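Pasting the structures in now, so scroll down.
One chain, subunit A, links the two complexes that follow: it is found with subunit B in the first and with subunit C in the second.
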Partner chain A sequence: MTRIRWSAVAPGVALAVFTLALLGRYLAPNDPEQPVAVPWSVPSTQLPFGADALGRDVLSRVLAGGANLLGVALTAAAAALLIGVALGLVAGWWPRWAGHAVRWFGDLLLAVPALVLALVLAVALPGAAAVVVAAVLSGAPLTARVVAAQCATVRDSGYLHAAVERGEHGAVVLVRELLPALRGLVAADAGLRLITALQLATTLAVLGFGPQPPDPDWALMLSENLPGAALNPTALLAPAVPLALCALLCAATARTATREREGVW
Partner chain B sequence: MIARRLTRTALLVLAATVVVFAATEALPGDAASVREAGRASPEQVAQAREQLGLDQPVVVRYLRWLSGLLQGDLGSSLSSGRPVSDLLGQRLPATASLVAVALGTTVLLTVAGLIVTQLRRGRGGMLAAGLAAVPQAVYAAALGALLSATLGWLPAVSLLPPGGNPWQDPRTLVLPALTLALPSAAYASTLLRGVLTDTLRRPHVVDAYRRGLPPMLVLLRHVRPFLVVPALQVLALTAGWLAAGTALVETVYGFPGLGGLLVSAVAVRDIPVVQGAALVPVATVLLGMLLADLAAAAVHRNGRPAVVRPVRTAESTP
Partner chain C sequence: MVRQRVERPIESATSDSEPLVVTGLSVRRVGDGQLVLPATDLRLGAGEVVAVVGASGAGKSSLLHALLDSLPSGLRRDGGVVRWRGLPIPEGRAARRWRRAHCGYVGQDPILALNPLWSVARLVGEQLSGSRRNRALRVREVCDLLGLPAELASRRCGELSGGQAQRVALARALATEPDVLLLDEPTSALDAETRSMIVEAVRAHPGGCTLLVTHDPFLVSVADRVVDLSPPATVTRRSPAARRVTVPTPSTVTSPPVRSLAAVPLAPGHGTAPLLAVQGLQVARPDGTPLLEDVHLNLAHGSWTAILGPSGSGKTSLLYAILGRRPVLHGRLLLGGHPLPADVRQRDREQRRAIQLVGQHPAGELNPVYRVGPAVARPLAVLHGVGRRERAREALRLLGSVGLAAEIAHRRPPALSGGQRQRIALARALAARPSVLLLDEPTSALDRASAATVLDLLDRLRDDGLAILSVTHDPTVAARADRVLHVHPRRLVEGRTDGPLPLTDNQTEESGAR
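So, the complex of A and B:
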């Protein structure tokens, strides 16, 4: 019996789902913001997912509603990862005080839950910016911590000493010798950062600090279509399933990468 | 040792107050312009700034806020004019009940999940990690649609007034507590599963199994002591996440607690209320971590094999 290894397929599927979500607005058959049917119409051949409270086509709204959410999440995760890796390399390379500072900062931000941080920042910043800043502040120290820990073990290995003895420039050693050794770690961490960013972006959007109606958005659709769940359950499932799928795929990708480097976590 | 931990917690609390204050106060758009928005001349705004002490430098304002905080005075709401401490005190019991119920549910689900994955020889770990990754709003939508809209067992929105007692109608607690508990249980079990797997590989546990001791006895006598400290750490963190997660569930289900207060205060930029309500989950995390640390120290002193291998607490379920 051949078992499908989900963790091996996950990165490919994740790429497909994210691409579809980001480009979906061009595939939408109807205008996602215009009523086309009776409110809460059930699925039919015309409207495969039925209609929402205002009679808008749910399929078109789902296709158009992922780009913003995933765009914010991807930006936030990428920013957190880049800053975290840079800080981690610095802390792992120059020992002592830099390492202590990163660790202490990480402890501090662990105490302020990312959601609370994002909400507090949303007082002055627009929702998307609050998500990015909160994801960086709460995620980067964690990335930095694992990267620094791994750096410390790699630092004393022979090939790094050799590179230093050859007289390579410090930055060259960091990027060309040290960074490849951290590849698996960074890949796993990217998945985790993306999960946190997706959760933050979703929560802030549901709470009303993201896109505003009538914009199509998966997170907003969750709260918009909940009242009609008994009339047209598809309208609620349609945004919930791709959102959950994205999160599951991120988790699977992170896990694959974690398993590859075994034991650091 | 204990003194060091206390100092550390105190320093972290202080640093956390700086983070919360800086995030709300140092950014553009201050309280006076919010309160007088649209209906005041520049002179009146300037007067209001002076009244609220906003013409002072940020460090002075922070120190003033901090000294007020230490005396239990967090200022007054900009929109209703009521003292922030009153608003928090009124809603604290409801949120505390919610977090307590959610924490209890989390513990039960985590233990059940660990037992199930262990019986299946570690399979299902993927499922737990995946469930922990799904945004809380999806759980809220799914549970609300299933238990309230379709089956009609529970009220979709709790119609409690602020300061109301949720125990008068415990059904109002079910949906918010379940929505909080499901993802946090999934996450807690992924954290603890790693510790459990490591412990089961320890030589004395392997030996105990080989000697043919009953599995239950091995678990209770040889495995349990290694799990106490990590479990306490995870419990402390979970309490903090749940306190933060109330922001979403209380808003979605109309539950009158601190999380909902924080969200509505952010929406109207009621800065003193935001600061006060944001400090509650922060204090919960730090207090929980301190208690877990102290418990770990106590376990260690009794000669137990305290593996103080801090659980990697990378992610937070919001």
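So, the complex of A and C:
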């Protein structure tokens, strides 16, 4: 009976990995931007992950390279979620007026591929800002849609009517009564938004629109260390694994959150 | 420790004629490990109809869920074996397969389980196989059996009345001719005539056996056997010859005095004006089809008016119109002599407070997220600005007055039974200190004793000036009313109708009994 369930530990693991990535630069044993060994050194006891093209410590660069990427992704996801949920609630509660407007405008945005949008924005804006704006423009309409659709199924609930009938203010009904009823959906959507934001940030960084060398950054490391994959494959894997892990943990956490909201009391 | 539950077989059946045998099934809450359903034995013979009765919160619905292995995640099966034709059904995938292949289930508040956007025909026929024509025929057949009119087939489920939705859910379960039919309060929203139709349909379903959870004495009386889940000390021995009406447990909570939560009377407008006057109201379905025309009603302080009528005749719509939930085509409302806007959003706070509803579907009345105590206390904060601690105390007192224990205040609605939720919804409506209380089937999920507690409470509140308008199929509710109105095709008429009276109980035939 004491089998450890993955869904139960996922949130804890996710929190630990994200914290480690955000604060990792203070744990780095070497300066991530200074050469300390021969280029493409293979892993050794001194350098557990070996060295990269310029002989810099890969472990230190991995520890320091997550903060920026995850910071941007978290900001972008939070912005997309916040705006999407707000629009979705309004659209779902007033389906006639706001609903049509939100759907029309959202469809317009969804017609533009997110990556193209991000690339165009990246030319005009700094990389991080481009990621945030692109994530909001491509993600918020999706969030708004699912939230509005879910609203439609609960908006005739007795408890929502009862709230209106006891004189609760409109905004209070939305935030206090309607939003909690949708929190499983919102939790699941938060995971999705974070994963897509992470992908967007990674893509832009790999393409060179994000942080510039010699900054340590997981995505940048992927493109930097690709040529030396035959000499020191660890240098390529070291940033790839935490990137994948973060995405997986987001998905697992979102699933746990969804399941718990569905009625474990 | 398996305690044998009281079960009285009418005729001793041999084991091979009993397709479904349940032994020692018990259910616990996950959080605090509290026993929700003590070990229960149950046998269901072929073609047999077994009624499960017991006080509100005795674990009746949990028994059905445990049997089907579909317990909500807050509850878990603690022990026991379910055997189907002699073979035990393990939990998990096997149970799911068995459920799909052999069981038809209708839960409490089926309207919440039916997709509101699907048409009735699509819902009923969803699980059928065969050609399109045969499916349509079968749907038609089942709907006829349950008295669902043909024009209903194309209507969306969200537009159905409570009683219609209940029958659609049953039709959906019956359509596939399941071997076992499990019904949870299948008649809570139905009038007597429709109820007998349901009984016939259930009786007629070929070769199958039926397990039904109910508070309805009529349904209990037609069952072959009755299983009582009340604690053994309070179960009265019944003779097989006697009409098997349960004598349920007296509620564990003694009602505290309720004077203090009396309705706040409206400032008298005109000297003799009734509290609420409904004048020439026309009530329509959301799609505009008229349901009731020219409704005139006067509700005086301390009066109790009951409205009876067949399922789908617009009773709930009338309550919604008074409440301002639904647009009104014609007519007007006067509250204390002053005109009342038709739309609740245009009413001021005082007007909203004055009229409160206790809705028909207990499961949908409470936000699943909030604990019961704060949910009941909320109207006190919003409408009366009562302080936090005073509010909590008052909420407990209100819960006590409807016969609920104080520990319920810390639970959330999904963990509670239908009857408990129904009473919580009433407590919440009373917390608003209304002048007019609208009740839609206020006792549909309650056993006799709980219902009596609730009705006594309402009677006492009337002495303080609360006016009550209730829509009901329950004779015991109608018996409390000063005035009983019937829905006669599209009109409200005094007393009984010409057609077959939708009530079997003598006590309600005299409408102005009080």
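The criterion applied here is as follows: the second predicted complex is superposed on the first by the 245 of 265 C-alpha atoms of A that agree within 3 Å, B and C clash if a C-alpha of one lies under 4 Å from a C-alpha of the other, contacts with A are read in each partner's own complex, and residues count from 1 in each chain.
Heads up, the rule we're going with is that a contact is a pair of C-beta atoms (placed from the backbone, for glycine too) under 8 Å apart; a residue touches a chain by one contact, two chains touch by 3 or more.
Bear in mind that the values here come from a model prediction, so they are computed numbers and not experimental data.
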Quiz item: Does the superposition put A:94 against subunit B (first), subunit C (second), both, or neither?
Solution: neither
Self-check item: Contacts of A:168 with subunit B and subunit C, given as first, second, both or neither
Solution: second
Practice problem: Of the two partners subunit B and subunit C, indicate the one touching more residues belonging to subunit A. | Solution: B
Practice problem: Could you tell me if A:255 is touching subunit B, subunit C, both of them or neither one (first, second, both, neither)? | Solution: first
Quiz item: So which positions on subunit A get touched by both subunit B and subunit C?
Solution: 265
Quiz item: Within the complex, which stretch of subunit A touches subunit B?
Solution: 6-7, 107-117, 119-125, 138, 142, 146, 192, 195-196, 198-200, 202-203, 206-209, 219, 222-223, 225-227, 229-230, 233, 236, 240, 243-244, 247-248, 250-252, 254-255, 265
Quiz item: Considering the complex alone, what residue numbers of subunit B touch subunit A?
Solution: 12, 15-16, 19-20, 23-24, 27-29, 126, 129-130, 132-138, 140-142, 144-145, 149-150, 156, 194, 240-241, 243-245, 247-248, 251-252, 262-263, 266-267, 269, 271, 274-275, 278, 281-282, 285-286, 289, 312-318
Quiz prompt | Footprint of subunit A on subunit C - complex, ascending | solution = 30-31, 72-74, 116, 158, 323-325, 344-345, 349, 352-353, 355-357, 359, 361, 364-370, 378-379, 382-383, 411-412, 414-415, 425, 428-429, 432
Self-check item: Touch list for subunit A against partner subunit C, complex
Solution: 153, 156-159, 161-162, 164-168, 177, 180-181, 183, 259, 262-265
